[in-house]
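Below, chain A partners chain B and then partners chain C, in two separate complexes.
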Partner chain A sequence: MSKTPLKKEFWGKRNYSLLKTVLSLLLLSATLISLMVGRFEVPPFDIISAILSGFIPSPDLSPTVRSVIVDVRLPRVIAVILVGAALSVAGAAFQGLFRNPLVSPDILGVSAGAGFGAALALLLTENIFITQSFAFLFGLISVGLAYMISRVYRVSSTLTLVLAGIVVAALFQALTSLVKYVADPLNKLPAIVFWLMGSFNHISNSDLMVAGPLLVGGIVILYLVRWRINVLSMGEEDARALGVDVRQQKAIIIMSATIISAAAVSICGIVGWIGLVIPHVGRILVGPDHKLLIPIAALVGASYLLIVDTVARTVTVTEIPIGIITALVGAPVFAYLLRKTQTGWKQ
Partner chain B sequence: MKQYALLILCAILGILFLGIPACAEEGKTRLITDMAGNEIEIPVTIERVAFFGGPIGQVPYILGVQDTIVATSIGSKNSQLLNIMDQNLKNVPSPRQTNGIINIEELIKSDPQFVLAGDVDGAIVKKQTTIPVVYFFESSDGTAEQTKAEVAFVGLIYGKEDRAQKYADYLDSTLSLIKSRIGDIPLSEQKVLFNGYDANHLITYGGDSYMQERIENAGLKNAAQEVSTSGVRPGIHSGLDEISMEQVLKWDPDILVIDTGSPDDVYNDPKWASIKAVQERQVYRLPNGVFVWNRPTAESAVLHPLWMAKIAYPERFADISMKDEVKKFYQEIFSYELTDEQIDKILAGEFASAISAGKGQTNQTNMGNK
Partner chain C sequence: MTKPLTVSDLSFRYQAKGEATIFSGVTFSLGKGEIFCLIGPNGTGKSTLIKCIAGLLKAESGAIHIDGEDLNTLSPARSARIVGYVPQSHTPSFPFPVKDVVVMGRSPHLGMLSSPSDDDMRIALEAMNSVGISHLAERPCTDISGGEYQLVLIARALTQQPRILLLDEPTSHLDLGNQMKILRTIKKLSTQGLSILMATHFPDHAFLLSGQVGMMMNKGISRVGSAEEIISKEIMQEAYDAEVCIMTLPGSSGRKICVPMLSSGNDPVN
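Now for the complex of A and B:
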């Protein structure tokens, strides 16, 4: 069972801190550019004084400009960074845990469940907060279901868990279709369709207050247990032999990744491909060691999603649904990466 | 064997002899040209018709021929107000859900003489059944002229040209009334209106949608005029698209019309706080009668521009009460007497076409269809 780590990656361990610095600078500059561009032109200096206006009063700043930056652009940029980083970290953790490069954070049905929860809430109410809560709850419920189904068979194989996840996802997708079928085509159906398409267009500061801590919490937990993912990715028997409580660690990782995905879906709908593709990019850069991979995946994912979202909101007057761009870019990139994924997956 | 054959022969002859006169009576047809330019035979006596299409669903009520509806769209069937006005509606099946989604067997079961449909639905019915299709338009952009033409066409089919003409006159006189009040406002002084639909108030109609004309008819400017929103998107009505929040802040509209939630929610949302419409308390919830007013229906073609003009320029319409106008329109066009409570509900946008009215019925039908 010998892995061949750190074989073909571009950077390797030696230049790891340099790589981290470069990626951090990339994220920082992407953030600055993203804050500067938008349909509403704001001079760079006003952006700074708008961001600081909470601390330093700036009387000559127009309230509209302040609103554009503080209430619209800033929460959106922060949300995109958090979601991009969180989904990538969750994807990396799942791919390690399930020892499968085709796994994404919603493999256990969290997106399908959350999508159903949101659709159901949109059918019954007009309240955004209830919609988000339903999305989050049903995301957790669906993964809980998948976990329970896999436990019933008492085979602690991760394969059973993945299969249970697929079953649960199929169930909730069918339920979502049913809700769409029953929904009033005049106003409810368009609302559901728009919601499921996924967009950061609606993020407000209050969304961040709720989802932000969940996303950050998920990232931090996965960061803290990142070396255990390494152990688990060697296989359960080996991990047990090394004295790791497999069931407990598995539960922690699944729970964190699920909270991340559910929180992400609840504020921005279903944004695909990030959690699947970014970990591969990270693995090409630093290899399969999760101790190195997790931080890199977070940085790459945040920068990538931020760039994509900035394009989505600036190039046309109407918003381009972000799911379209992530899939359009993600699919070919993934196809290209398949050639390279030898790295770290040769057993 | 022989006697059986004889029996069958007798039966067939019997049916033929009895059937022919009956058929001749019923089968009398006349040739009309539908709105797509097809010549088509339709029965002289119209008893059973399927109405496929959201906006067309209210035309039989304008003509007073709602008794002939045997199949309709879910949008009409779910209309709370239409169910109050027509007690029989709950017994009418709704094989058409949205554009292009039709339960064909349910349609055949309802046994219409012909289907009135738009291009997408019509093509499906034509391909899968032998039921004649009468196209009420080939492509609709929902302008006032087209709405009039639609009502006139259905009126012609039914021989109810007088009722159709009455509607056309009513529409014309309302539009000219609005024009007489706002026609002198120079373009530069016209107020800017933004239609912000959906829970986030960011779905809107652009300058190439029918809404453009309607907003202009009300003496207003469409904030989203520069946006192209035409084209059909899956699951969404044509003519709608999503705008970014920044774009709305840039347009800074004088008036915001929402179709979800309440104006108070918008007033309390910091994202919207700097917009003129919020600062001047000019956020309004779209009214909703037998159908939502932001679709190209006969009802909204008359009342929607008047409503917009009145909220934008109240001083010019001080003598006009929207409540009276709604009452009068329903009286004269739908021959229905609204209660005060119903009028308030219409203007507050509370007549949801939501699942509330006839919910059980709808669910049942849907489940049955599955």
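Now for the complex of A and C:
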């Protein structure tokens, strides 16, 4: 007999519905608290009447409270939840697809490309819509470029794709530096730098109209193919022998994760570490099975980012860029998680 | 009746221009419940041939028909319902429980968006039962031995409910007990009607399985026949450049064994 346990126990696997309920309640309370707190405190009952004010007239509600909730906090909270969930799901899918625990959704250069797109647009215009479109488009372009570079070599292995992604990311980071270098240091440069640090500061309902469906769409597709990610994580050759159209399904997963990352950068700048760390937290809870992992990663990622964003905008007088906090928290947490042996990876 | 597997005049080379042909003119067929052992020196293309039949590599010319249909015209899912492939063992990345790995064999029967049902899990459990690994069902596949993992991969291929089973050196890296366990399993599966193509480095395994033997050398399958015909002193000398002694096992009903020798004229019996 081997010394290893007969069964690797994951608490959240045996109590999956309980875990999902607990995490949903956590997300719900985080949402409520996030809507309440801020420079302008709103009691819970007013939040509900403000949200319902579109359907049920509530004459007692002050227009200021209504505006704070409906036009400012609600779109921001929804955006944070969607970005947190989407980046975590994309990270879990990529770590499975690339069979590597160090992979994050921007491994193929999407964040670097999107960051450059945003920086370029900020340099040229003041228009927020153009900035977002540029960010999104350059995100897609960077991954397309990585894909094309990897195709140049006859062996189109996953490793070549990842290496091409690193090349493309380096290229766009250099171009971003160039944009920063030529930008007017008094007004343009701070705007670019702040954007790249990541913030949900200026999310409006109209931002959500475009990015929201993209994020939701990406989550839904990855949720639907989540069992196939298990099969793909056995390696391309095994997956093909098991009747999987590897090229097609790899493309679907890469496209979904890329759309998610590009849409995220387009509304909130670069928020790192979520897609890298949260899937590991999910695996500690429920094990490696993506069928269970994807929903849990979405819930954990949404709650985590919402808590971080609420802290970022309330602890100090001026808002702290959220990308700084996710990195400050994410890096040590990740180091700790990798030290733990049972993270759902081979040891 | 069409044979489960017919390979005709198959040749293969890696795509990069100027690369030498690995094999050409490979022709053989496999009937229902038959076992075909591929033997031959390293680098003669045994694994490559098996990967071509599994649809993992594309042959340069020639044809592979499974169940009477051209492999090239079948979708990955359709061919995986007919051909099960057991790769050479490699360590998986994720510690999936064994039963989760085995049930992946249902993929060719499932739509892209579906997950295995209870029925699929039942088929997986039956497959595990038939190769004798039911007791491992909940164990992480990263924590079991090489022999056990090989059986897991066989069970996974059986879960595809194929008609043809391809095994790429299923007994390499295994101890004697595990080798025999695998061979017993293969023999049992063939009596149940599964056609089996297996690459092996052990001539004795071909004797034990008593099916057809194909000797891969000189860029093709140079000889096909029964184990007794192919595994002879002369052919083994030619293929492996090694001295062997073929003997009938004393006290058996004509079971042959192949004994390697370090130098010629050194009969181990005397």
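Throughout what follows, the second predicted complex is superposed on the first by the 332 of 347 C-alpha atoms of A that agree within 3 Å, B and C clash if a C-alpha of one lies under 4 Å from a C-alpha of the other, contacts with A are read in each partner's own complex, and residues count from 1 in each chain.
Basically, a residue touches a chain if its C-beta (ideal position, glycine included) is under 8 Å from a C-beta of that chain, and two chains touch if they have at least 3 such contacts.
Keep in mind that this is a model prediction, so the values were computed, not measured.
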Point to revise | Partner chain(s) touched by A:D289 [first = chain B, second = chain C, both, neither] | key: second
Check your understanding: Just chain B (first), just chain C (second), both, or neither: which does A:N201 touch?
Key -> first
Review point. A:G217 contacts which: chain B (first), chain C (second), both, neither?
Key: neither
Exercise for review: Return first, second, both or neither, reflecting whether A:Y181 touches chain B, chain C, both chains, or no partner chain.
Suggested key: first
Exercise for review: Using the touch definition from the top, say if A:M234 reaches chain B (first), chain C (second), both or neither.
Suggested key: second
Check your understanding: A:I128 contacts which: chain B (first), chain C (second), both, neither?
Key -> first
Check your understanding: Common interface residues of chain A with chain B and chain C?
Key -> none
Study note, to complete from the structure: Seen from chain B, its contact residues with chain A in the complex are 54, 74-75, 78, 97-98, 198-200, 202-203, 206, 226-227, 229, 234-237, 240-247, 249-250, 252, 259-261, 269-271, 273-275, 291-292, 295, 352-355, 362-363, 366, 370
Review point. Can you list the residues on chain C that touch chain A in the complex?
Key: 15-16, 51, 54-56, 75-81, 84-85, 87, 90-97, 100-101, 104-105, 107-108, 110, 112-116, 138-140, 142-145, 156, 160
Practice item. Name, in rising order, each residue of chain A that touches chain C in their complex. Key: 2, 4, 6-8, 96, 99-100, 154, 224-228, 230-231, 233-235, 237-246, 249, 287-289, 291, 344-347
Revision key, fill the gap. So, in the complex, the side of chain A touching chain B is made of residues 38-40, 63-64, 66-68, 71-73, 122-123, 126-128, 131, 180-194, 199, 201-202, 204-205, 313, 317-319, 321
